Amino acid sequence: MKKVNFESLDPSIQELLKKAEKVRNHSYSPYSQFKVGASVLTEDNEIFAGCNVENATFTSICAERTAYVKAISEGKTKFKAVAVVGFQENFVVAPCGTCRQFMSEFGNVEIYMAKPNLDEIKVSTLDVLLPCQFHFH
Amino acid sequence: MKKVNFESLDPSIQELLKKAEKVRNHSYSPYSQFKVGASVLTEDNEIFAGCNVENATFTSICAERTAYVKAISEGKTKFKAVAVVGFQENFVVAPCGTCRQFMSEFGNVEIYMAKPNLDEIKVSTLDVLLPCQFHFH
Amino acid sequence: MKKVNFESLDPSIQELLKKAEKVRNHSYSPYSQFKVGASVLTEDNEIFAGCNVENATFTSICAERTAYVKAISEGKTKFKAVAVVGFQENFVVAPCGTCRQFMSEFGNVEIYMAKPNLDEIKVSTLDVLLPCQFHFH
Amino acid sequence: MKKVNFESLDPSIQELLKKAEKVRNHSYSPYSQFKVGASVLTEDNEIFAGCNVENATFTSICAERTAYVKAISEGKTKFKAVAVVGFQENFVVAPCGTCRQFMSEFGNVEIYMAKPNLDEIKVSTLDVLLPCQFHFH
């Protein structure tokens, strides 16, 4: 993970981060109070944004997976970058292991992880965040 | 569950079923080959459609949950009806227990379950399909 | 669901309930504070008991599924009855939809649901709690 | 990941691997045909072994999580090492992202990953396999 500056980023990545920040408002997280927004940039430069949706019995779906299934259900399966934005001031959210596994099904992507106001951003890749991936094929 | 006829249904429900049938094309189901489409009708009459998205390690997300998180991430949390359409000729798909639990977080809905070509449709409600629901609140 | 009295139950079911109550102590539930114990009675009259094990990212495993995978990993796949015991005084816990789905893979069972001190017990069956089950086969 | 030789391993790790290999026989995997066994060594040198238990709707539980919930439901929460043994000749199974996340709740462990007959073994650690872990605390 390395730190990057918002202004230095490609406009498409800036937009990706802003959409992740905005969709966070729709987070349904009455159990954890932990609001997260995420967005995914497709190979053909569309952005799909999703929030976490919790469940009383903890079969919740994280923001990253929401963004992915939104994109996939619109026919997209090739992705370039993901942004994740949390809600807590002192905290850069990284995708959980379940999301890393889920995303890995669709290939490597850059992953931008930001503090709530996008004033601290770290970047890595899925292959770095999930080494030695488990795949059937 | 009772059988209903497509022509007898309200136009909004016919549209709901057609969108579930159509989105099924985007199903990502290389492991089960079991394509499913689902759609949800919001209280203010918007429709969100989703497909199942599988994962090598079986942390797959069903079509119904995809439809729900799409809607929720667009700010919708009140729903009236759900449609589920499978792919196998002789088979009316009912939502799995995980999806029933997930949907129950957002209240009761009518559930329309159809064969692939919408030529056989059954209807029930979430409260009937998930009796004695587990909730914290 | 009908109410039953502890004393009126078969000794094997009394034992099943007591083991579910006892294993609840091992519940790992720092996120919900909601301790649950469950146990499953195999066809050859062994009992396997499990608790819920939570996870920061809500890929938790409920007590019922813990009990089942314990039994299955010891070579058992035929079950007669399940007991579930919660922790909150005013609350009879029913299995969540995910657990109902998971258990349904192994056939119908009686399900005993009890208040924390076993002073109120309800009984039902999996087929009643998960009507119109989804199965491939 | 580095390769290690069975004979060179500590007897407790040899035993751990043998138990993971043996419990694999109880795998319930009719959907993937992908049998996996796993075992976990507790701080006080007990071994708990589990297999994968699949579900028609892909809310399956992997062998690693089965081993963990078995141990936890017996009161163990401190672990030293995990072994994972698959079934396919040409394949060293690594834990999936969901299992890595689930295990991370209980701290770092050594992870031994072996081919079916234990004739090829790789070793790593959970912290290496799940960098930048997501935790609330």
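Lettered A, B, C and D in written order, each chain numbered from 1.
Convention: a residue touches a chain if its C-beta (ideal position, glycine included) is under 8 Å from a C-beta of that chain, and two chains touch if they have at least 3 such contacts.
Being a predicted model, the structure only gives us computed values, none of them experimental.
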{"item": "Interface residue identity across copies chain A, chain B - same or different by half", "value": "same"}
{"item": "Chain pair with the higher count of C-beta pairs in contact (C-D, A-D)", "value": "C-D"}
{"item": "Intercentroid distance (Cα basis), chain C paired with chain A, Å", "value": "35"}
{"item": "Distance between the centres, which are taken as Cα means, of chain D and chain C, whole angstrom", "value": "25"}
{"item": "Cα-centroid distance, chain A relative to chain D, in whole angstrom", "value": "28"}
{"item": "Multi-chain contact residues (two or more partners), chain D", "value": "31-32, 54-57, 59, 96-99, 101-102, 134, 136"}
{"item": "Chain contact graph, described as a line, ring, star, complete graph or other shape", "value": "complete"}
{"item": "Footprint of chain B on chain D - complex, ascending", "value": "31-32, 54-60, 62, 96-99"}
{"item": "List of chain A residues in touch with chain B within their complex", "value": "23, 25-26, 28, 31, 49-51, 53-57, 59, 61, 65-70, 72-75, 77, 98, 101-102, 105, 134-137"}
{"item": "Parts of chain A lying in touch with chain D, wherever the complex brings them together", "value": "1, 32, 34, 59, 93-102, 104, 124, 128-134, 136"}
